[in-house]
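So that you can tell them apart, the chains are marked A, B, C and D in the order they are listed, and the count of residues begins at 1 in each.
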Amino acid sequence: MQRLDRAFEQASVGAISGAVGTYAATSPDFEQRVLDRLGIGRETISTQVVARDRHAELLQAIALAGAGLERLATEIRHLQRTEVREVEEPFRSGQKGSSAMPHKRNPITTERITGLARVLRANATTAVENVALWHERDISHSGAERVILPGSTILLDYMQHLAIRVVRGMVVHEDGMRDNLDLTCGALFSQRVLLALVEGGMQRDAAYRVVQELAQRAWDERVALRGLLEQREDLELDLDAIFDVGHYTRHAQEIVGRLGDGDARGFSPRSA
Amino acid sequence: MQRLDRAFEQASVGAISGAVGTYAATSPDFEQRVLDRLGIGRETISTQVVARDRHAELLQAIALAGAGLERLATEIRHLQRTEVREVEEPFRSGQKGSSAMPHKRNPITTERITGLARVLRANATTAVENVALWHERDISHSGAERVILPGSTILLDYMQHLAIRVVRGMVVHEDGMRDNLDLTCGALFSQRVLLALVEGGMQRDAAYRVVQELAQRAWDERVALRGLLEQREDLELDLDAIFDVGHYTRHAQEIVGRLGDGDARGFSPRSA
Amino acid sequence: MQRLDRAFEQASVGAISGAVGTYAATSPDFEQRVLDRLGIGRETISTQVVARDRHAELLQAIALAGAGLERLATEIRHLQRTEVREVEEPFRSGQKGSSAMPHKRNPITTERITGLARVLRANATTAVENVALWHERDISHSGAERVILPGSTILLDYMQHLAIRVVRGMVVHEDGMRDNLDLTCGALFSQRVLLALVEGGMQRDAAYRVVQELAQRAWDERVALRGLLEQREDLELDLDAIFDVGHYTRHAQEIVGRLGDGDARGFSPRSA
Amino acid sequence: MQRLDRAFEQASVGAISGAVGTYAATSPDFEQRVLDRLGIGRETISTQVVARDRHAELLQAIALAGAGLERLATEIRHLQRTEVREVEEPFRSGQKGSSAMPHKRNPITTERITGLARVLRANATTAVENVALWHERDISHSGAERVILPGSTILLDYMQHLAIRVVRGMVVHEDGMRDNLDLTCGALFSQRVLLALVEGGMQRDAAYRVVQELAQRAWDERVALRGLLEQREDLELDLDAIFDVGHYTRHAQEIVGRLGDGDARGFSPRSA
């Protein structure tokens, strides 16, 4: 969002400096008065046209915003797989399911977002090609921009609309999430076992071998890693603490709280 | 043209093989009968969709055809420069000239072709991104193709239309061509002088020094190289033969005759 | 493969026609003799350089071959997911697993193929930009080609090497495939039930409602669709025939047999 | 320059938050202390990897910087044409000229910059494709980044080096510039004539017709527009004022002074 704001801001400039930027028939003052009325800035040094690096930055920011939506869409497409089924796109009543399997709901909206993100990044390449105009002012960019400027702005608006609809209506299967975590038969806790063994005094290499062997066995034979550990009386471990999923969410509030913080390098919080 | 023919040909296939390509509810025979009626070929091995490498090849061929038109357009744009002025795009009566200089005719049509060629190559990239669908059959390509398939086919048709109009109505300034050749004050014949000196028995290095010095002087001082050579009584040269522009066009008929010959590696002549 | 053969073939041409293609210091015969010795074809009409559309076609074919490998890689990456686990890349003994979960094997090779396919398609765009040289012979393409020609040819070779290694050493979990098919509790046979009901005389709309309701129930409640159908004494169905997975593979031999057939529109079989 | 600074700044972040960003084996405090020592910022919300939109923005900024250099290079290539010859790249003593015409100096450095700018923009597309990783953390980006990150940073550095060398050693032919202005036989002053006629009370349409006719005649017959105007005793014009080239440079100081001003919308001055 910050990138888009910045890109639109820097692209909001105009120029009335004549055919080669010399103010042959106007003047800087005249240009400034007109641009002030329009509420836009002045191109620092213009030719007959505003330099196309500004438009290119805009199209690049749109492509990157589209890639961000594609990232979200890709996540949901994975989570909606039949074998994963942790999350589903909203399914409008009346919407037809898969043609061959009426019960199956394909992630058609996030697939659409994914495909359109490709168009946005291609348009950005065209915009960068537009920068090096002949004598800094031929009009070859013009025809291309009539395709890519409305194309990219309208598509991003549409994709954002789709993404908001998906997020608002998203169906979350908490039980499916828990089931999938259990699929590893506890092997996902292997790192915690390892750390506990090391903290308990075992050499790291030895601990790694123990954990790898047991985790592999749990995974291959589909038996609970915790059960395998319970049988090992030589290992002193607080299994309740190790197999506590709460451990993994103890910083969740803090992490989510960073959203909107703008504490990231290079970004500042966005005013409402 | 041959690339386009080939690309459209290989893309002209269909598939009716069910949701995962197993003919669960149809059969290869049924598919064949329908495709025969449609007059198109069969996708060798289809999933729910025809593989997208075919569409990508089509968009690539269109991008390359566009680059060919851009090549022509770039040539004309150069030749129409005020300082070159050997060729001009047709100027429709009633068409306005440059806004600041009414007499000036900008190559707006070939600039437009140039810009649109950028859009075509960007669309081809999107088409190649569409190939690796999830499980060889998600529908993320669909939204993108609704933009790029009509976009690229319509734009190429339009660009070809523009290019034909430009070529048919092109204004050729033969005198301007001759003047520009004369701009070098004969230095463009320097290679021929060099060869004549070597054939006359001079060592190549010595000949090169003589020619470079005289050609540079002709070019810098804007005096005729032929005149400078006439003053060098030590050099025996048939200047009429050397400065005969006909030498450069002696193979012109043969070269132009190769067009349509299809004798190029990898291409065969196109039937009418 | 056929596209690559064709692309390399058409790019295997040379030219010795002088600085502007007029054979000013040579002749077509001389050019032909040299090219014959090199075993390559002649550029139909050359300038100082061979036209760059040939190199662009080559880079496009390489990009498309890369997309084909990416298609394969994407399939394997999906099948190797923890929740799917039908296929796994070969895991070299000594190769470390996931850093946090020693038992977990990430599809690192197919992920690498996927990423490199992106580089190949970007290089193709550069190659198409190289076509419209100034006066059909500036040398701006030269620097770019020193990056993209070795880059794309070496990367494709490497990707093919990776892909062959993956296919040869691929671990296939047949039981995992069967388990995943069972995940739908038989709902994947719903289309066959529908067709059987219609063939048995039921109206299609009515049959669809019956099937959709039962399939949805099987899917939601994780009970076998076959069991639900058995309880419906009003429906006369040959359930053994309907739930026969062999139905879906009855054309498998024929389909696979088409590989190498070259019966696809626009392609001919490749000689050994 | 400002875009590059900003892009490098926002990309200078790290993350030590574990395999899925939950700090399973570390903590936000630990991460912060390490990053502080490294002098880089923290990824706001990381997974196993820093989000690739940051790298994409960096590659986009590099592509745009390359397009800026390409813009400069394109200008010089035009100005160095034989028919224009207003500016020439530095020619190193010992550098060979055109192979066929020893006196001819090709703009090989700016052509190289032009070609390499194509590589930079293609690399940026790859970087945007890298954003939507599977589960926000597959490693498909890794192989691609090993090509494009060193590739783009090294190429931009090299291109900047070339551009600086060109600008520092550029040969400027002031007389050539004046000659080229004279090529229009004064038609380039036609706009000023038009304005003077209108200010003198003539209707704009009538004035336009007068000017267009005379400018066209000057241009076509290569006679001085000023001479044609002098013959028109019906027109009262201050020809010395109109044909004063100083008019076109009266704002030159001001315009050039804006460089480094940072008064452009969206940019602030860069501290030394």
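Things worth noting here:
Methods note: a contact is a pair of C-beta atoms (placed from the backbone, for glycine too) under 8 Å apart; a residue touches a chain by one contact, two chains touch by 3 or more.
Every value quoted in this text rests on a predicted model; they were computed, and no experiment measured them.
Under the contact definition, chain A and chain B share the contacting chains C, D. Centroid distances from chain C, each centroid being the mean of CA atoms, peak for D. Averaged C-alpha coordinates put the centre of chain B at 31 Å from the centre of chain C.
Separation between the centroids of chain A and chain C, computed from CA atoms only, is 26 Å.
Distance between chain centres (mean CA atoms), chain C to chain D: 39 Å. Residue positions of chain B with contacts to 2 or more other chains are 19, 24-25, 100-101, 114, 121-122, 125, 129, 134, 191.
Taken together, the touching pairs cover every possible pairing of the chains.
Within the complex, the chain B residues that touch chain D are 81-84, 97, 100-104, 125, 129, 180, 183-184, 187-188, 190-191, 208, 211-212, 215-216, 218-219.
In the complex of the two chains, the chain D residues touching chain A come out as 3, 6, 9-13, 19, 21-25, 27-28, 40-45, 51, 53, 56-57, 60, 63-64, 67-68, 70-71, 73-75, 78, 114, 117, 121-122, 124-125, 128-129, 131-136, 191-192, 195, 247-252, 254-256, 258-259, 261, 263-267.
For chain D in complex with chain C, the residues that touch the partner chain are 18-20, 24-25, 77, 98-101, 106, 108, 111-112, 114-116, 118-119, 121-123, 125-126, 129-130, 134, 138-145, 147-148, 151, 155.
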